[in-house]
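One structure is given below, encoded as structure tokens.
So that you can tell them apart, the chains are marked A, B, C and D in the order they are listed, and the count of residues begins at 1 in each.
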Amino acid sequence: MNILFDIRYYILYPSFFAPIILPGLIFTAILLLTTIWFERKAAARVQMRVGPYYASKRLGGYLQLVADALKFVFSEVIVPDGVNPTLFALTPVLVVAMSFLPLAVIPVSVIPPSGSIFSIYFYDFYDPNVGLGVLVGLFTQYNMLLILAIESIYPAMIILMAWSTNNRFAIVGAVRESYLSVSYDVLLLMSTISMALEYHTLDLVKIVQSGVPGILANPLAAVTFFIAMIIGSARFPFDIAEADTELVLGPATEYSGLLFVLTMAGSYVGNFVYALVFTDMFLWGWYPLSGFPGALLTVIKASILVFFSVFLRSVYGRYRLDQALRGSWKYIFPLAIASMFLGLVVGYLWIQ
Amino acid sequence: MKSGGMELDIVPVSGELNVGPQHPGSGHLRIFVKLNGDIIEDAEIDPGYVHRAVEKLGENRNYIHLIPLVERPAILDSVNMNLGYILAVEKILNVDVPERAQYLRSFAAEISRIASHLYGMGILAIFIGHSTGFMWGFGDREVWVQILEALTGARITNSYIIPGGVRRDLTPAIIEMTKKAIAFQRKKIKDWERIFLNNPNIKARLQDVGVMTREQAIEWGAAGPNLRGSGVYYDARKSEPYGAYSKLDFEIPVYKEGDGYARTLVRFEEIEQSLRILEQVIKDIPEGQILSDRFFKQIPPTRLKKWWEGQRRIVMPGYYASFRPPKGEAISRVEAGRGELVYYVVSDGSAKPYRLRMITPSYRSIYVMKNLLKGARYADLVSIYGSLDYFPPEADR
Amino acid sequence: MDSVKIKEYKKGESPFNVVSGHLQAVGAGIKYFVKPQRITLKYPDESMSLPTGYRGMIRLYKDVCIGCTLCAMVCPADAMKMVTDQGKKFPTINYGRCVFCAFCVDICPVDALKETGVHDAAFSNRRELIFNPEKFDQDFDQPPLRPVVRKVKAVIDEDKGIKYVPDTE
Amino acid sequence: MSEKPIDVVAKLLQERKIPLKVEGDTRGSIEVDKSKLVETARILKEIGFDHVKTVTGIDYPDQSKFQIVYHVSSFDLQLSRVILALKTWTSYKEPVVPSLLSVWGSVWTGERETYEMLGITFEGNPDMRRLFLPEDFEGVYPLRKSFKVKTEGLFVDKSS
């Protein structure tokens, strides 16, 4: 009994469980491998190839990713001349840390007063907006803003990383990243605000628990958010900062070994974070479920979104920077404004 | 600077980037780019990383030895490279080529052209980030390479065409393969259109990029699809029909715009035209010999029986080992996959050419690319490079 | 000369066309994702059998050879050289130089050279690449070392491009 | 076609007093002194020969001379069937030829290559630098006949 109690007490404590286990570190690490495996496998299917295969024939080459990761871990980290070694080694870590951080504040499920394995923490994570507990690392009623605020530090870290490597291609990549981050952050914020106006709240839990999925309530905001998510996580066709045929690898040009893995992981984690927010905001999150199954439902929906956005690699090329900027400011930005008006009008008429 | 209806003030920020030769988007080529902001002010092109000294080796080898050498520079278009050289040599030798061999030359040349265009498309696709186009280009090319393998005995280093004819004959099995391959390619082109040509992303990257007007194309001496993408109606197959082209019905696709998308469209339509030519060749090919009588008579009868009657293969008479053409010079042109290919052979009556000049289409693209890069965006470097279908070994020779 | 026809493509499409273009591209991607057309070969497990007349590595029939030197004369890569062996000239070949053009096979007046279907041999140093007449005289057509290898034949297919069917030989 | 394409060109050139040597239906050659090269080139361009296919330098060591051949043609429908060779000579002592870059832009690559391969300077071309060869190839001109390539014989004494 003691061990079971310990498990419930320590591991299932939402502040531990959410950041470390379910949407957090462990799940994200597995998802990361799965996503890259899926990306390679899906691209291979479209491109008349087999993809990863020989590392584990029965699993469809899944272990290839483990092998790749191991290889990267053991390969030498080359620090170029003329860089500050501390900054050089620190920035990839910061990049990953900054992209992981929002996972602690994204609600993935609710905790009912009784019946769930998390129910003992019902009162500790009580959300007065919906009258239920929330499965989240750190509960605030303003989690929508907090997530976006933390995630918007991520591009700054990329720019810092590029600057600290003292490479011309990296600098060009950083300039591109800074242009892009300005344009997609605005879109993300505006579609989030339109949802906030519509649901009269800054709390994702209330949006989910309202019972109306956001994609029906405000489809324009969903489209805007989805495109901004693809730009923000540097998926095709907006792989502009890391454009490999133009800029070698953009900000990550000089990195090798483990540090390179970290630079790559950042954008995938960022993608997952945006996908989780998208799921909560537009796709009903965990809605009829609660507790652990609810959390599973949320991350599965988010994973499918991530899979879809990596699948776009096999369909698209890469836009030019000015085209991406023009697209987002000239076409998507008005869409975001329209979504805001839609949110305003619907929110005014539909008082909960 | 006006771009897409928006006025941009460009703050002068100058810098230099050294693209290549070890760069994912350069090939065996160094482009020294002077940037002002995102705009390329000047581009210095430094080819020569895969120089094979074809012209110098040409002066030191017998005529027959040069067949594998001249097809190496553009290995993916080897039949056309081979054909151009043989045409020049035949002009000096004054040999007539039998009808069937002419058709077979056109057959192999068109397969080579399709393969070359698919390769070029793949490179263009990966340059602008479209990895599916890259894999499809190479995958579809494999089908044509299989046919060439069945016909000539080698996948890409065909060495198929020899003075006076070709080395192997078409068999019913190859005709069957070709028919299936034509049907496959037609189907696949539809998917190509969906995922690549009509993809708004690809359109955005290629339209209005690297615009070359008709006058510029003529002044810079562009060749092949690059020229036809700029509205110049010129094709060596029409201007100076070689092989069986004077008897075949095909069109020359010409587009007016002169940008990367027009060049890509020209290539796609040329694939369709090549498929048409292949169909006609299969239908119309006459029976007969595939080597000029002058050489055919020199083959020992026992060998003839074994190879020509048994396996539909031509064996070479000993004459080929070091033939001495009469004194003279000849210039030949063929329309290779990337454009017009010119050989200038000067013979002094010995077994080796006195001078061999080989002008490949990519060689002519060097000047075009240098000029087109001026004023383009840095991100357009790769789309200009890819849409010109520049192939460094072919330019370096 | 037929008529000159200069075409133009349509520029500046309506947003509707752009959206439908995107949907078509994604649709084509999904179509291939659901129904893949694989044309790659799982090479060490499967190996492709080559068509007849494939210009692979070359072997010599020493007893047929008359030592006429034509093969060495026609060799474009200087790979084939003549060596005097017991008073008779025989060709040697340097596979480090051979370009597999098979001109020597075609020009040999007595058919003493033959192209084998072998193209994937491995050597541990460069000296082994030079075959003296004795070594050149031996047959290359060895059975593959690993019996697991499935021999497949590439067949051109209208739908899939290339299909691999087991080679029944 | 009743009239040979070269005849049309021959007639046009005759009016402008340029001697043309007809070599077949679609080929012809014009040999001029290098002092008249630019002038002739301008006339050819006026007629409609709008691009240069090749610039070839040929070394004749027995005469201590270089021949430079420009193969000129057109993208015009009729004229494109003709290729004219514009030939000129220059001596070893003064391997300088006026550049035709002002007439045809398409000679740029060919003139640069001829410069690095044969050491013929084209006066008036601003880009007289190496193109294909590495920068340290100074003073060595590979396409001159004096640059020998090692060749091998057909026989080896002992098989190794």
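Here is the rule we go by: a residue touches a chain if its C-beta (ideal position, glycine included) is under 8 Å from a C-beta of that chain, and two chains touch if they have at least 3 such contacts.
Just so it is clear, the model here is predicted, and its values are computed rather than measured.
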If each step moves to a chain the current one touches, what is the fewest number of steps from chain A to chain D?
2
Using CA atom means as chain centres, which chain is nearest the centre of all the protein shown?
B
Please identify the chain with the largest separation between its CA centroid and the CA centroid of chain C.
A
Rounded Å distance between chain B and chain D, as computed from the means of their C-alpha atoms
23
Could you put a whole-Å number on the gap between the CA centroids of chain A and chain B?
46
Whole-angstrom distance, CA centroid of chain C to CA centroid of chain D, is 39
In chain A, which residues are in touch with two or more of the other chains?
46-49, 314-316
Can you list the residues of chain B that touch 2 or more other chains?
132, 139, 195, 199, 201, 233
In chain C, residues with contacts to at least two other chains
1, 4, 25, 28-29, 32, 39, 73, 161
What are all the chain pairs that meet the touch criterion?
A-B, A-C, B-C, B-D, C-D
Can you tell me which positions in chain C touch chain A when the two form their complex?
15, 25-26, 28-29, 32-33, 36-40, 42, 161
Of all residues in chain C, those that touch chain D in their complex:
1, 4, 69, 72-73, 78, 81-85, 89, 92, 127, 130, 132-133
Applying the document's contact rule, which stretches of chain B touch chain C when the two form their complex?
61-62, 64-69, 132, 139-140, 142-143, 146-147, 149-150, 153-154, 157, 159, 167-168, 177, 180-181, 183-184, 187-188, 191, 194-195, 198-201, 203, 207-208, 231, 233, 238, 251, 253-257, 261-262, 265, 300, 303, 306, 311, 313-318, 320-322
Chain A contact footprint on chain B (complex, rising order):
3-4, 6, 15, 17, 23-25, 38, 125-136, 139, 195, 199, 201-202, 204-205, 377-382
Tell me, which parts of chain D touch chain B in their complex?
26-27, 50-54, 56, 58, 69, 71, 75, 77, 80-81, 83, 85, 104-106, 108-110, 117, 131-134, 142-143, 145, 147, 149, 151
